[in-house]
Structure formats: structure tokens, C-alpha cells
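One chain, chain A, links the two complexes that follow: it is found with chain B in the first and with chain C in the second.
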Partner chain A sequence: MALVASRLALVAVVLAIWQWVPQIPGITRWAPIFDPFFISSPARIAAKFWELATTTGDQGAVLKSGNLFVQLWATLWATLLGFVVGVTSGFLAGLVLSQTRTLADILNPYLVAVNALPRVALVPLIIMIFGTGLGAKVVLAWLIVFFIVFFNTYAGGRALEPSLVDSCRILGASRRQLLRTVVVPHVAGWTFAILPLAMSASIIGVVVGEFVGGAQGLGYIITVALGQLEATDLFVALLTLCVVAVVLIGLATRLEKRLLHWRPEHVGGAGQA
Partner chain B sequence: MARVMPRESAVPAARAVVEARDVTRRFAHGAAEPFTALDRVSLEVREGEFLAIVGPSGCGKSTLLHIMAGLKRPDSGAIFVNGVETTGTTPREMGYLFQEDTVLPWYSVERNIALGLHYRGASVPDIRARVEWALEVSGLTEFRRSYPHQLSGGMRRRVALMMTLVVDPKILLMDEPFGALDTHTKTRLHASLLEIWGKTRQTIVFVTHDLMEAITLSDRIIIMSGRPGRVKASYAITIPRPRDVIKVKDSEEYLDDFREIWRILGEEFV
Partner chain C sequence: MRRHSTLVHAGRLLVLVVLLAAWETLPRVPVLRARTFLDPNFVSLPSLVAARLWQTTFGSKAGYLWVHAGASLGAALVGFVCGAAAGFVMGLALAQSTVARGLLKPFIDAFSAVPPILLVPLITLVFGLGTTSKIATSVYIVFFVVFYNSYKGASALPESMTSSCRLLGGSRWDIMKTVIVPSSAAWAFAAFPTAIGYALIGVVVAEFFGSPTGLGSIIITSMNTGSATDLMVSILALAVMGSGLVGLARLAEQRLLHWRPEYRAA
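Moving on, here comes the complex of A and B:
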């Protein structure tokens, strides 16, 4: 209880400083950062948030159509798509390459090269190919998520203990049974462990895609707000994005714990000597 | 002095179930010249016998077990199981308990124990009955739905043991299976193993560096010399069964055997 109270108190103090310190006469001469032009104010942000969230249609400069939730949905949907496609393909590629040594040896230098290239540098090319819609955002998110998941899954696949495989083979497992009961569960464990990180990577991909070539989404609001030097709009978009990210990464973390309930670090105290 | 020489085993002259014939294995050690891990090793394991193999570390005893199970190939020599050459392959009637933890962490205790039966396509009622038996004899019934990480090291070893025993292997190879456990847990597992084996009576080959363990459990001990690994002596343990794993260590026979084998092993330290 005391913890929650302290946290709330902290928020209250920050909000109070944010709201009232800029009103001290002459303060911006000492500290230009307190100019509401840069930092807006909690009251204005709340009012703008309410306005963007409740009215539909043309909302002047920042939103040509739809309300805040339409933009939020655009970002959310692209993020989930990028996450699912990236995790699935990264898992499959990691599984196959970790189990076929020759293929991995052939592809290794190219994978390293593609991974070394900053993904953001690919944005113009992706927009040239996929336009400015949903496709480009998802492809960008996929490219980032894929490599994170792939490398972790691949490392997991290579770390499979030979004794585990030998033991099950002696018990009578066929190649198919070995794959289903030993290799896939082991490799998937490494994939599941990286889900929260994959989700935040997907968010980065989508928002960067919206910065550069978006016509919709929270990243798009941020760029428009910047173009018009509207700090209030910027803060509305940032706070909404923050909530979206916290929820999505929280869900990914819960999914990870659910899927990896057999791992020691997720025990609920059922251990005994 | 007479006891140094191979004695007759307590197990009556039964036919050889597993036979290693002139098994040689060399290892290339990077750029260094290859060393011989096993040098023309020959031995016979009789039906229903509990055979222990002891020797200094690096004497190739684990390698020999790997070769018997077909997990490694010898450079020369051959393995026969029931008179048929099986070099490089694993016969279906063979079970193997690894030194490493081989319980699958993503399955519950009962799922792990049932694994071999599933692989071999046993019927559902058969699987159920066998798993119940395994849980019962190993004292794991109340932990059947637990996951391996919730169990202690000793209990995970019990699960691993039952995973191999549940498919009823006629030959069981065990590679330092209790090496990582504390003395107390180890002794309890010895008692369980002897109790279960008293009923199932498969042929067991048990590799260990723990001489107390070898004498407590086995009918016969093969003593190996190190680098190159060779069979140095075969020593019968005639302590009557059933054995009490605690009391046996206090008996005259046990102490005599211990002293004698210790002396043979001691020659290796020079």
C-alpha cells in the first residue's frame, strides 16, 4: 500500500511541477525548457486527448479523419501482424537451420551481413516496394522481429544436449518422434523466452515505418505534430503509444510465462527437497 | 594373494548376454598424437548379472559403455549381444541410463516415464499399467504431475531410472548414474535400485568410480587400468542377497573386498 501511495505521490509531484512551474513569471528566461511551447502542460494534454478521443471526422491539422482510437488501432494491428509473422518465421528458420548443419554453414555469412545492416536503413527501399500502407509497416516490423527470434532460436537449437537426444533414441523414438517430443519443445522454449523483446521490436518497426511512410497511426501523428510544432499533439501521441507498448509487452510476457510454465524461473513455490 | 586372481562369479555359469571382443578405441587429441582410450578390451556379461566396471578416471570405462550401446564405434573389435554382432547399433532390448540429466523438462513426471512406451507404440491400458507400476516402485506417485524443475536431484534421477526401466530392457547400461548425488541420496537410490532389480533381474552393466557403490550393488567388478584402458582384473562379490545397503558396509566380506580391490586399484596411482 505504501508503495502504491509513493508511486502516486511521485506522479502528482511531477504533474504539479509540469503544470505550475512554467507559470512562474520569468522562469523561461532562466530555463527555456519550461516554455509550454516545448513541454505543453498536463491540462492542455488532457483536454486535447479528450478532444481527439471523442470526436470523429476532420479534427483540423493533426487528424484528417477518424479519432485517436482509429490511429491507435492502425499501430496496434500492424504491430501484432509484424509480431506474429516475425516470430513464426524466425522460429521456423531457427529450427531448420539449427538442425541442418550444412545449410547453416552455407548461409552463415549472409545472415551475419543482413543482420549487421541497421534495419532502419532499409526503410526507403521498403517504402519504394510496399508503398505507404499497412504492408510497409508490417514488413519493417517483421525484418526486425525475425532476426531477433531467429538468432535466439538458432542458438537454442545448437545448445540441445546430445545425451537428451541419445537417451530418447535408445528409448525407441523415431526421427519424427524425436522432433516432436524433444527438438521442437526445446527449440520453442528459446523462442518463447524472447517473446517480450520481439514485441517491443515490432513496435519499433511499426512506429519507424509510420514516421517515414505512414498515412496513419501514432507514429504518423508524431511526425505531423512535429511538422506543425504542436507539442500538445506530440505528447498525446507519445502517452498513447506508451500505454499501447506497456499493454502489448505485458501480454507478450504473460504469454511467455504461460508457455514456459515448465521452466525453473517461473515456479510459484512448489519446489521441495 | 589368491583373491587377486579372477574368482568365479556368484552367478552360475550362464551364457554371455553382452560380449566385448578386442575393443580398441583411439582419440585424436587436437594436434597432439592420438592416445589409446581402450586397448583390446574383452569382457563378457552373463545373463542376470550385475556387473560393475571401476577404474581411474580416463581409463575409458564410459567410452566402453558408449561402444556397448552403439553410441560410439570402436576402431577395431566388436560387440555381441545374445551372440549377434551389434557393433555401432543399439539393440532394442538395451536400456541406457546417462550420467547427465535426461528427464525432459517440458513434460510432467508421468509423461516422462511413459515416453519410451509411447515411442514403442504400446497400447493405452498397457502404458497406464506400466506407468502406475513405475510410479509405485519408485515412490513418485504423489509427484506424478510435477515438472522436473520442481523435484530434487535425487528424485529426477529416480524419474530417469524409471524412464529406462518402464520399457523393460533385458540389458541395462548405467554410466555413473548417481555420480552427482550426495552420499545420503545416493544410498537411498542404491536401496531402491536393488529392490527393483531384485524383482526384474535384468542384466546390468554399471560404470562407476565409486568403489563402495560397486561392492554394495554388484555381483562382479571389472577393474580397469588407465591409459591405455585395459581390463586389469575381474573380481567376484559374493556377499549374499538381498543386501541391506547400510548394514552391508559393516560386514567382514565387504571390508575384505574393499581392501583387496583398493589394493589392486592402488597400483594404478603409481
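Moving on, here comes the complex of A and C:
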């Protein structure tokens, strides 16, 4: 109880500093970081949220009422599409490649090279090629999600115990039965385990895409607000984005727990954004 | 290391040749050029990229790439050192002090739930377009990676180990210095390869926001001017730098942690 109280007190202190320290006369001269021009203030941000929620007119410089929801939807939709496409294709590629040894050996050095490449650096390239629409954002999310899912699925396929496969074979399992009842469930476990990371990757792909060359979406709004130095709008869009990210990653984690309640941990592949 | 058959080696070579040949020739086909993204203006050509790479590293424009790569590398490294130090100290402190843990851990957890890259615009707003923003981004990213590992390392220490030391007459400081710090450091080192890779990504994204120097800034400039060759060259440079850094961190980790059972076998 005392702990909860002190946590709340800490939040209150931080908010109070954020709100009132910038109002101390002359403070911005030696600590420009406290200028509300840069960091806005909790009261302004709350007021902006309230304004967006209640009014219908065009009051904001960057964010107008109704606009926030449209932008949120654009980001959300691209993220979910990229996630689904990336997870599906990553799973299939990982499954196939882990089961065909020679092909995997041939492609291995290239996979290692691609895995070492910071995928976020490819965002401008994709935007140059595919433009700034929904398609480009889905491609971006896919590009990042695919490799994360692929590498974990592939690691899972390679980690399949030979004795398990041999036992099934001795018991008379056909190749198809083996695939359906042993290989796919095992490999799928590894894919499910990486779902939260894949969701986070999908968000990163979409939002960085919007940062760099967006025409819509929360990431785009954030860059516009940054360009026009509208700190309040930036905070409003950023807070919304953070909530979206936390909720989506939380959902993916729940999905993983639900699908994998029968298994212990299995994350082994490499993955980075 | 498994020995590969000739088939595998031939296959690897074939893949490389086919990929490069396709990249070099397909964008020259007029139909593809007009209808698809296979256009030298979008994907450049391997020959152009190689020529440009030579030109910007050792050729007539030598220095261009080095300066920008150096700017990114420097920011990533400075950020890495500061972030790792902060993460390590914080991890140790929170593992030791119940009060600090109860008070701060929920907030660290909350911040770590948001992918750090999303906060880059805020960092840019506060710290400006220069090197400070890049370093701040890198510090922020590295902090979380190292914090969680150090915290885990310091908390995962078997109770029997510390109580044995106390029994043998070790003071609180002795135990801290000889048991907790080395054990936690091992966990922190294990996070370094990941952390340095993330730090570089963070720096590059920070440079996307109008920084005057760094590989991220050339990438964005190339995108805006439609110069696919420059874009490819900077992506390539970044890939080399990234894998070099991660490789070095892995090597250092193995060197420093050779006494850990995981590394004894190898």
C-alpha cells in the first residue's frame, strides 16, 4: 500500500516538475530543455486530448478532431496486415527450409548476411521503390517481421529431435503423417513463441516508414508535428502511438501464451529490427 | 563446423552469380524497366554500386563515406558505453534494494514496453538535430537491454553463494565486489552484442530526422534525391559496420566470459 502510494507520488512529482518548473522565471535561459516550446506540459496535452474528443471544429495546427482516429486507423491497419503476412510467410519459409537440408546449406551464408543487416536501414529503399501508400508500409512491416519469424521457425525446425522423428517412422508414420502430427506442431510452437517480437517489429516497420516517407498515419503526424515544432501535438500523437503499441504487443503476448500453454519456452533464433 | 559437399559450395556460388547477374541485367530490360520496380533508378546496378563504393572509400571522393560512417559509429559507441554503464548500475541497484525495485521497476517496465525507436522524434525534439540526439537514442536503447540482463544476473545469484561468503567472513562490500558484480557483469556482457546492434539501428533512425552527418543522413538524402546507387552504398556500409560491431562484441564476450560453463565446451 505504501509502495503504491510512493509510486503514485513519484508520478505526481514528475508531472509537477514537467508542469511547473518551466514556469519558474528565467529557468529556460540556463536549461532550455524546460521550455514548454520543446516539452509542452501535461495540462496542454490533456487539454488537447479533451479538445480532440469533444469538439468538431478545426482547432488544431496539426491534429484536428477526427483526424487522430483516421491516422491511428491507418497505422493500425498496416501493422496488422504486415504482421499477418510476415508471420505466415516467415513460418512457411522456415518450415520448408528447415526440412530441406541441402537448400538450407546453400542459402545459409546469405541468410546470415541478411540477418546481420539492420532492416530499418532498408526503409528508405522500400519507400523509394513502393511509394508512401498502404502497400509500401505493409511491405516494410513484412520485411522486418518475415526475417524474425523465419529465423525462429528455422531454428525450431532444426532443433527437432531426430530420435522423435525416428520413433515415429519406426511406428509406421508416413512422411505426410510425420509432417502433420510432429513437424508442423513442433515448428509452429517456435513461430508462436516469437509472436510478440514480430508484432513489435511490425509496428517499428510501419512507424519508421511513416517517419521517413509517410503520407498518413501516426508516425507521419509525429514527423509533421516535429517539423512544425508543435510539441503538444507531437506528445498527443506519440502517447496514442505508445498505447497502440503496448496494446498490440500485449495482445500478441496473450495469443502466444494461449497457443503455447502446453509448452515451456522456446525462443532460439536471432532477430533484430 | 560441418564439412559441406561440392554441391553445396557450387550451389552457393551459383546463387551469388545468379543474383548479381539478375540484378545487373534485368533492370536493363526496357519492359521490366517500364512496368516494374526493376529500374536502375530504384535498385541501381551492382556495377554502379561497386564503382561508387570504390570512389567513396579509396577513390576520388575518398573520405566521404568514412566521415559519415565514423559519425554514426562514434555516436553508437559513445551511447553504448553510457547506456551500458547506466543499465548495469541500475540493474545492480534494483536487484539489491527492495525499495528502489518496488518504486522504479514498474516505470522501467512501462517504458520498455514501448519499442524505443518510436520515441526518436521526441528525443530529436528535445535534443535537436545534432550528435546529442543520436547519442541519447543509443543510450536509451542500450540502457534497457543491459539493465534487464544485469538485473536478472544479480537476482539469479544463488542465495547459498552469498550466504557462504558471509559465513566465511565477507563484508557486504566484499560480497558485492567479488561475487555480485562479476556474476552480474557476465550477464551484462552477454547482452552486449544485441545492445550494440540496437544502438547502431537507433543512431541511424535518429539520423533519419535531418541530422547533417552519419550514414542515416546519407540514406535519407539519397532517398530524397532519388540516388539509388548512393542509397545502396550506404546500406552496404551500414551492414558491414553492423556485423563488424556485433562480431567484435561476440568475440569480446567470449574472451571475457571464457570461465563460464557455456563457453568451456567450445
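Criterion: the second predicted complex is superposed on the first by the 239 of 273 C-alpha atoms of A that agree within 3 Å, B and C clash if a C-alpha of one lies under 4 Å from a C-alpha of the other, contacts with A are read in each partner's own complex, and residues count from 1 in each chain.
The working rule: a residue touches a chain if its C-beta (ideal position, glycine included) is under 8 Å from a C-beta of that chain, and two chains touch if they have at least 3 such contacts.
All values derive from a computational prediction rather than experimental measurement.
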Task: Using the touch criterion from the header, give the chain among chain B and chain C with more contacted residues in chain A.
output: C
- prompt: After lining up the shared chain so the two structures overlap, which partner does A:I170 touch, if you call chain B first and chain C second: first, second, both or neither?
  reply: first
Query: Counting only touches as set out at the top, which of chain B and chain C does A:V182 meet: first, second, both, neither?
result: first
Query: Touching A:A46, do we find chain B (first), chain C (second), both, or neither?
result: neither
- request: Look at A:E161 in the shared chain and tell me whether it touches chain B only, chain C only, both, or neither; answer first, second, both or neither.
  value: first
Message: By the touch definition above, which chain A residues appear in both interfaces, chain B in one complex and chain C in the other?
response: 272-273
Statement: The chain B residues in contact with chain A across the complex are 69, 71, 90, 92, 94-96, 98-100, 102, 104-107, 115-116, 118-120, 146-152, 163-164, 167
Field: Complex contact set, residues of chain A against chain C
entry: 3, 6-7, 10, 33, 38-39, 102, 105-107, 109-110, 113, 116-118, 120-122, 124-125, 127-130, 200, 203-204, 207-208, 211-213, 219, 222-223, 225-226, 229, 231, 234-235, 238, 241-242, 245-246, 249-250, 272-273
Field: chain B partner contacts - residues on chain A that touch it in the complex
entry: 161, 163-164, 166-174, 177, 181-182, 185-186, 189, 261-264, 267, 270-273
Message: Give the list of chain C residues in touch with chain A in this complex.
response: 4, 7-8, 11-12, 15-16, 37, 42-43, 102-103, 106-107, 113-115, 117-122, 124-126, 194, 197-198, 200-201, 204-205, 208-209, 215-216, 219-220, 222-223, 226, 228, 231-232, 234-235, 238-239, 242-243, 246
